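Shared chain: subunit A. Partners: subunit B in the first complex, subunit C in the second.
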Partner chain A sequence: MDYVFQFGVVWRDLPALLLGAWLTVRLSALAMALGLLVGVASALAAASRWRAVRALARVYVEAIRNTPFLVQVLFVYLGLPSIGVRLRPDQAALLAMVINLGAYATEILRAGMKAVPRGQLEAGTALGLSRWQLFRHVVWMPALRAIFPALGSQFILIMLASSVVSVISAEELTAVADTLVARHFRSFEVYLVVTAMYLIMCLAFQAAFGAIHRALFARWRMV
Partner chain B sequence: MIREFSLNEVWLLVLAARWTVVLSAMAFVGGGVGGFVVAVARVSPYRPLATLAAAFIKVVQGTPLLMQLYLVYFGASLLRLTSDAWTAAALGLTLYASAFLGEIWRGSIQAVPREQWEAARALALGYPAQLRSVILPQAARIALPPTVGFLVQLLKGTSLASIIGFTELTRAAAVVNNATFRPLLVYATVAALYFALCWPLSLLSGRLERRLEQAGAHTVALQF
Partner chain C sequence: MRAHRRWAVSFLALSLLLALAAPPLAAQTVDEIIKRGKVIVGVNTTTPIFGLAGPDGQPEGYDPDVARLAAKYLGVQVEFVPVTGANRLPFLLTNRVDMVIALFGITPERAQQIWFSIPYATEAAVLVAPASRAVKTVDDLGGLRVGVPRGAMQDLILTPQAAAKKINLMRFDDEATALQALVSGQIDVVGTGLLVNRTLNRNDPGKNYEVKIVLRPLHFGIGIRRGQTELLQWLNTFIYTIKNNGELDAISRKWRQLPLEPLPVF
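Moving on to the complex of A and B:
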């Protein structure tokens, strides 16, 4: 092999890459927060009294979970302008991520609701708790504890998947890397460093979520 | 000249979906072999091997698939192996599938009750025979639902091969879109085609899992 690796150019551009990493984290966190709201609405719809509403939630979840994220991104960015919805790349990326996350969050939240034993709800009702008190004292913590790990890995998943939005030039880590590659053609070196950055971010968030989980639920022993 | 988005274009997309299927199948077969090696290495009593397998799984699951495809694509051309998007996509997705299937199958092997290992040892079987005749047949049953579930993830993942220039369904969509300029219709059709491929597998995976749960066996969730 007569190729000479040059990581020097990559180190010079490290500030740009670090900014890109920050943009990726910010975009993922924003998408996660909004996606959870969509997920709550959709999980409530999935538990609705009306059949049509339940069916609608089902169609949404299945449609998203059985099509590639990349196609969803392209649909939002390239397709929606034909019906008058024109979005900047970063807006389109965020919207696609929120729609995508909403579907997965629906499934996570549904599992969380099932995690509260029926007997405890009955016990709470027998103690004369109101619906709000029931939620506050009986449902909230066990449900959160049940879904917390899944939410954590979902955040990491969307952070990794967000590299795909570089195809529409939304601003995040991979898009920054693409710009650098276009400037000095050190594609392998740049992508290697960027891959390592994603890995570090992933491991750091995993460790952080693990620590938060232990701190929050230490006194909540499994029953 | 702008072409109409007609049945011809739909047919073109259907034909391109073949390559999505072929690429998925190749990665699934390659990943099946790789995943088997990774899973067996991961549960091996020989520590360095188990650590190596665990590290491989961690790196693949902790980095974006797009980065993996880029590294294989640019890496292969640096090594003068190939600069062909087809090979790079197949190789990259095979590595990706090896790690995920390896992790799923490791979980399935470890979900087999300990007593089964002890019983196999009590029968004086060697390690390979313990695995082959006692553990793997039971692990296979546990592994089936999440394996089918992963196939859906893999099928969707092949869409990223379009970014390194391999012509499958998503790339064909870009081509058709450039000719017809009907993005909403084109991408809706493409999404429908992916859905037609993935949904039956999702349903199958769910049904297999419920059947296994009813049988009272351990189940292994598809991580990530």
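Moving on to the complex of A and C:
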């Protein structure tokens, strides 16, 4: 080992790294919120009574889950301009993340909804609940509670996957790190610090999920 | 007790994994390369003229040809490892390659980390845009989206002035993506090499891409780890030889359609 560690350069560039981390957090949080909406819509479509709607949801989920995220990002940023859709790098990154997360969330939500026993639905109907009440109290909340951990990991995964959007010049944390490494070549030091930053962001998101879980299901007794 | 044992097993498994995952140790001397029977060269396959993946997937271009020539003179096989502008230095420092022949511009900052051979190629860091774009100097770039390969010379030259001149500098992971962004209309100007507009005009006719600004002339050296005196001496001798026996001129004419210009030595 004749490598001399120099962390000084990393501390000097910490503001740039923090700015990159901030974009990562913003992109991820937005992608989680919008991706969940897309997932709910698509999971409902997948359970639709119309065959064509079900097929559409199926095609979306399979197309996204069986192609690499990197290719999806490149397609949105470099491919879509051919049909006149020109997005900024951060917008393109967000769109790709939402589409990607939406597909995975669909499958998770679908599993949760399927896990609701038929008897529970019948009980709800017998109580005279409206369609909306039935969905909200009998299907959605129990389903959400059952799949909360799985959804949480998928959310974390999309945040980690956001590191590849540096390829289309979105200046998130990994892009900033790559730029710094290219400038002063302190790859070990920079990537070590960046790894720690990702870890902290993951733990923070998980803490947030935990708080949301407690707030939503505090009054639920264990069944 | 059981918990302890589980920890010990995990630790052992992890150590084994790390040992297996350790990168292949690159050769440190000329003798080691010859003994191994192959030289491992990092080349960039995203840079038209200097290095692209050929139809058979093998790298082709100015740099791969120089690498093949070096292997020929060493009497060994050549193994190519694709690198990008941003990761070629870490690949060298982490012993993944013996040398990097990937349009590596010679700068004093880089020379703090690695050693360069004498120049084997000449180029220029330039800015290219469609003919219709009115750009004459760097001062005209204000408000424009200028794409550069991350860490490349164009990036290093423009970064210090970008904020003051309101240049929207966008860094892409490699040159191919930056060029594709220009073709897709996602950027207005691209930082690239002197001859790349030819490739652009061939693949995207009608826009008439031209070199708008020459930022700086460049010379490329072969990059090796510091302290490899023996390998450096061999490479300099090799470059001296192919410069003077016409072989480098042939490579230049083949890929750049230009005769080899005089190259400085140091």
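To be clear about the criterion, the second predicted complex is superposed on the first by the 207 of 223 C-alpha atoms of A that agree within 3 Å, B and C clash if a C-alpha of one lies under 4 Å from a C-alpha of the other, contacts with A are read in each partner's own complex, and residues count from 1 in each chain.
The rule is short, and it goes like this: contacts are C-beta pairs under 8 Å (C-beta built on N, C-alpha and C of every residue); 3 or more make two chains touch, one makes a residue touch a chain.
Just so you know, these numbers come straight off a predicted model, no measurement behind them.
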Subunit A as common anchor, with subunit B and subunit C clashing or fitting: clash
Touched partner set for A:Trp22, first subunit B, second subunit C, both or neither: neither
Partner chain(s) touched by A:Ala63 [first = subunit B, second = subunit C, both, neither]: first
Touching partner for A:Leu192 - first (subunit B), second (subunit C), both, neither: first
Subunit B versus subunit C as contact partner of A:Val167, first or second or both or neither: both
Which superposed partner A:Ser82 touches (first subunit B, second subunit C, both, neither): both
Which superposed partner A:Thr179 touches (first subunit B, second subunit C, both, neither): second
Of subunit B and subunit C, the chain that contacts the larger number of subunit A residues: B
Single subunit B stretch clashing with subunit C - from 79-87, 133-141 or 187-195: 79-87
Contact residues common to both interfaces of subunit A (with subunit B and with subunit C): 3, 74, 78-79, 81-82, 166-167, 187
Subunit B to subunit A touching residues, read off their complex: 58-59, 62-68, 70-71, 74-75, 78-80, 152, 156-157, 159-160, 162-163, 170, 173, 177, 182-184, 186-188, 190-191, 194-195, 198-199, 202, 223-224
Residues of subunit C that touch subunit A when the two form their complex: 85-86, 89-90, 93-94, 109-110, 113, 147, 150-152, 155-156, 170-173, 177, 180-181, 184-186, 227
Interface residues, subunit A side, partner subunit C - complex: 2-3, 74, 77-79, 81-82, 86, 89, 166-169, 171, 175, 178-179, 181-185, 187
Of all residues in subunit A, those that touch subunit B in their complex: 1, 3, 62-63, 65-72, 74-75, 78-83, 153, 156-157, 160-164, 166-167, 174, 187-188, 191-192, 194-195, 198-199, 202-203
